[in-house]
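Across the two complexes that follow, chain A remains constant while its partner is chain B and subsequently chain C.
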Partner chain A sequence: MLYEQLIINAAVLGAVFTLFALGLSLTWGALDVLNLAHGATFVTSAWVATSVYSAYELPLASAMLVGILTGGMIGVVADLVAFKPIRLLITNKRQAELSMVAATIGMGFVLDRIIGRATLDQVFSFPARAFPYKDFHIFGARISNIEIIILVLTFLCAVLLNLWISRSRQGMAIRAIAYSAKIPPLLGIHVDRMSAATMAIGGMLAGLSGTLMTVWVSGMAVSTGHSFLLKGFAIVVLGGVGSIRGCVLAAFILAFAETGIVAFGAGNLRDLAAFSLIVLILLFRPQGLFGTRSAMRA
Partner chain B sequence: MLNFFSSNEILLQTIAVFSLLAFSVQISLRAGAFSLAGVGCWAIGGYSLAISDRHDMHPVIGVLIGIVVSAIISYLLALLLVRLRGLYLGMATIAFNQMVGIALIHGGDFTGGELGIYGIGARISTFQLFAVLALVSFLLWALERGMLGRAYNIVRDDEPLAASLGIDSESMRRFAFVLSGAVGGLAGALNAMMLGIVSPTDADFPVIVIALTMVIVGGYHSWLGALIGAALIQWLPIGLQSFGIEGMSEWWSVVYGLLILFIAVYMPRGLLGGLQRLGSLMARRHQDFREA
Partner chain C sequence: MSIPRKILLAGMVAGMLSASALSASAEDIDVAALVEQTGVVGYAGQSVWKGMQLAAEKVNESSRLGDYKLKIEIKDAASNPATTAALATQAAKSDAVAILGPALSSSALASAPIAQREKIPMIAVQSNTEGVVETGEYIYRLTAPFYTYNDLTFKHLADEGVKKVALSFISNIPSVAGLGKDFAPKWAKEYGMEIVASEGTPFNTTDFSTTIEKLVAAKPDAIGLYHIDTQLTGLITGLRRAGFEGKLFVYNINPSTLEAVGDAADGLLMSIDYSPAMSDPSSKEFTDSFRKKFDDDPTIYAANGYDAVLFLSAALEKVIKAGNKPDRENLLAAISEVAQTGFAGASGDTTFDDKYHRDARVNGVLVRFDKGKPNILFSGKDR
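And then the complex of A and B:
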């Protein structure tokens, strides 16, 4: 009975991690952006959704949609004001990577402080009446309706994203950009447009996980974004940068590891899981579980 | 003038200490290693000082212990992470910093757990801090000029070229790692003396972000850039607040973020690089004028 419950909890946590990390993995894989503003995007989307909900009494689903679109918009703005000029101005790859990291630090800072001021760095959430929580029982364990929604949505997002990246023309274009910076423009690929689209999708995924997370644990704060960011990086590195399947698998590995650590009484060692996974995978399989890119390794 | 120093003493001390932290990150970035391990060493240095202070050792010995421990750990880390490059190395060193933080939380009485160590007796004066800063700056200045500085430029920008010229880029990078760790440990120890406390949050993510920001804003190609970045980033919140247009003080942190964004995008060599370009541009115009 206890184990079944633990497995369900870990699976839902893994699903939220997946949604969050998919966006990171996509932008790192395609655009070489280590997006340190991803956590802030996640929090900002959730905050916009909750404020829109309480200000305009919208139905919950539309408020969440507004939050998700906000995430997408942040991604597009980031691409327009930072990544596009950097691509134009800086040709050295390492320099461009560093500049992009710095730019996302600045952006994350701006978002963090705006939300921090608006919420006075307190926990915010949807009002309790916003979502009709209901519990179901399977195999003697309890699973609520929001948990089922999270699992289903995550599954759909991961499958659709994987199909899109591997089968569609745009997906091919994104993979081409990830492979080389010089060739895609010669093939008639709009690098700027695809990059904005990738950032938009990454941002929307952050928004989706942020709003779902807020409904699920009914609470979110600026600091949640920071801890998710670090875990997201662990997942991306573990799964292999740019690999959707790897990202899903790694998210569940991390979620089960964390749940296991907490269940066996070492709750305060919980955060160790993510970082020891990063170090282990980087030492023994730097390209990640499903990674194909070994160029980074000298 | 004297008044300025006494009223801004804390700011000046903070700038000196954070300049050293920025040097630590700048050293590895300049050598082409995106390593943020200096922040972990900053915490290690601080704790080394705090623990030796508790055992009634002389502060100088405490600082030396901090430097040596940090350097040894950095050397081991360099051996371990030798194959990683770029963003991957950045991730691994962030993970290292977080693990240092977790180790400090779980160190029991030795590290004081979550609360850290309070009431460090050792003190340091502003003059002493700036003397140390000047010494380290001089060392880095000497390292960055001449053959060695140029060799590091090649290691950073084009590793195969470095190999073809007979430069052992691996051992050069290892040396940069150790130096970066030692300077980070020194900065941490001085910080512990300045504040009188150390805590596990010293190795936390915000410290990493601030260290990286200082270096990138100032420019990582030179120690002077890191110094400018540290001074600006530490002064900016106070500066923006004191210039305060009505209501401005509330939003200074947003302005600060936008400034970082702007510099990252439009000044890839940081403020120092921007100034240098401006300088050479003006010199050229002057010359053109004279020739015409």
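And then the complex of A and C:
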């Protein structure tokens, strides 16, 4: 086995994890919404993209765009239907957070069942002809065109999201909301609008990762979202809730750990990496690798 | 005025009596189907239910049960052992004479002790794990365990000159892990093959890139993939993209997965208990009537559901022909009799195991998929 190949495998896996976890981290960090419907959004977006592709024979990129927009739309609808009323009705922050988690569980379940019914809980995919795979060789290792696309898009999303959060006015507004929900309105920040925008971006990231994943592994099912949600949760905790850089680093740490375990140990222990990392982080650095929010609050 | 009123009353009473006599002559035999319509095995359960409906329809159209009608009521077991156990308790307290299903192993393990304790016959489908029929004399399983016919693949591989085999399997689903860890190596040894790689992964794994590298690096002639469908898409396409040109074999694959995988599945081998391509008269009858009713090819799950109802109705027929009441005790005795002789169903000739006489055994067939269509290479009858 080539070490170069293992590095490529781990890098692509890290990129897939990053794309999924970025949205989860963003909404959790900025809005205090631990969105347990993120996995279902990821699957629903991918299903809409594959359905639209099959029904209208759209170009793959257009179908993927529909999938991404679906993710965004789910985020906005979730915010309007569930999170906004909770923000308005429940003033106790901790209770509001719990109510939102409960709401996301419900939304995730509803989405899962809709897609489960539509697909008979079976695998759905783009037709095999939709994406012509092509392999490239670097130092004897193989990387496919879809893997290059995943790596490039992940890099772009992470950089742009980080710039947006850290440099733009809206990013500053989101960070202000993350710090306190009461002060931003006094500064003229429209909390509802920024929350909806954040949920939309989180959903679009879920949609992007879902559609790319469907092309990469040639199919997806409702249960795929559950597997990813577990990994995404580990990544966000490891990286530090709300930290984009932490999320990227944690995703790659997890991907390299899993790849190493599969390559040099027993593949059935791969989940051990994720959960051992969570336990270790919770023990020694509960705020995560880049957990700045806790420091700010302290 | 009073006489016509009396006549009218008498007429009404007579009418009511004759109506009740009519309904008594077509009495329902209640059966509870605890079959998964949602959740992880919802896709299998929905198919099982179609097979059950078809068989019930055929039984009721025939005069096999005399004046009785089979009435199967579906309850969604939701791929959840706790739900299934609650439904089994409910069924035991109802008028149902038997429980059909569930399909999920853990749900069967949760509900079988209840059926046994409450003395209601239970005919599970799928539930390919140890400990189901072992629960007691009330528990039957109408799906032959994978290990009873999957050796057909190895026989074929040996005939084709395969010497080196690599295996990849789910490590935390006992019935599937058993195939990959225990049975496949045993069959490989029996047919003079060497296992050059063996990789176990949890059932929630989605990325197989490194597993694929390890399997291909071992340079096998054939690779066995004991995985669920969501994993097979990435594994099959990944192995072909990694340049593996040898034979691939699976223990199960659904049509939607074959479609997703496309040409990469060409030549894929699978030993299975039922295929729409089977030519046994009883299998063909099932396939044709399923296609007619549902305008689709049946799956193995539908075949299992169909066979469960055929098996149950064969026992009910015995009870009724003997002039006995179709209650749980009489039914259990008749089920045991049918199990001794076996029957012909969707999966062909079905017999039962030598130890308990409650676990189905079939010949099985080896199929090869070409352009998504199954072609039978040989039957277990020709072993």
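Quick note on the criterion: the second predicted complex is superposed on the first by the 292 of 298 C-alpha atoms of A that agree within 3 Å, B and C clash if a C-alpha of one lies under 4 Å from a C-alpha of the other, contacts with A are read in each partner's own complex, and residues count from 1 in each chain.
We take it that a contact is a pair of C-beta atoms (placed from the backbone, for glycine too) under 8 Å apart; a residue touches a chain by one contact, two chains touch by 3 or more.
In this text the structure is predicted, and so the values were computed from the model without any measurement.
Shared-chain residue A:L160: touches no atom of chain B or chain C. Of the two partner chains, chain B is the only one touched by A:D32; chain C is not. In the superposed pair of complexes, A:S144 makes contact with chain C only, with no contact to chain B.
When the two structures are aligned on the shared chain, A:V152 is found in touch with neither chain B nor chain C.
After overlaying the two complexes on the shared chain, residue contacts for A:R113 are found with chain B and with chain C alike. By the touch criterion stated above, A:N268 is placed in contact with chain B and with chain C alike.
After overlaying the two complexes on the shared chain, residue contacts for A:V16 are found with chain C alone; chain B is out of touch. In the superposition on chain A, contact of A:Y133 is made with chain C only, not with chain B. In the superposition on chain A, A:L230 contacts both chain B and chain C. Residues common to the contacts of chain A with chain B and with chain C across the two structures: 113, 117, 226, 230, 268, 271.
On chain A, the positions that touch chain B within their shared complex are 28, 32, 34, 36, 81-82, 85-86, 89-90, 92, 94-95, 97-103, 105-110, 112-114, 117, 226, 229-230, 233-234, 237, 268-269, 271-272, 274-276, 278-279, 282-283, 286, 296-298. Remark: chain B residues 29, 32, 34, 80-81, 83-88, 90-92, 94-96, 98-99, 102, 105-106, 156-157, 159, 205-206, 209, 212-213, 216-217, 220, 250-251, 253-254, 256-266, 268 touch chain A in the complex.
Against chain C, in their complex, chain A makes its touches with residues 1-2, 5-6, 9-10, 12-13, 16, 113, 116-117, 119-125, 127-129, 133, 135, 142, 144, 213, 216-221, 223-224, 226-228, 230, 258-259, 262-263, 266-268, 270-271.
Against chain A, in their complex, chain C makes its touches with residues 38-43, 46, 171-172, 199-202, 204-211, 213-214, 217, 229-230, 233-234, 236-238, 241-242, 254, 256-257, 259-264.
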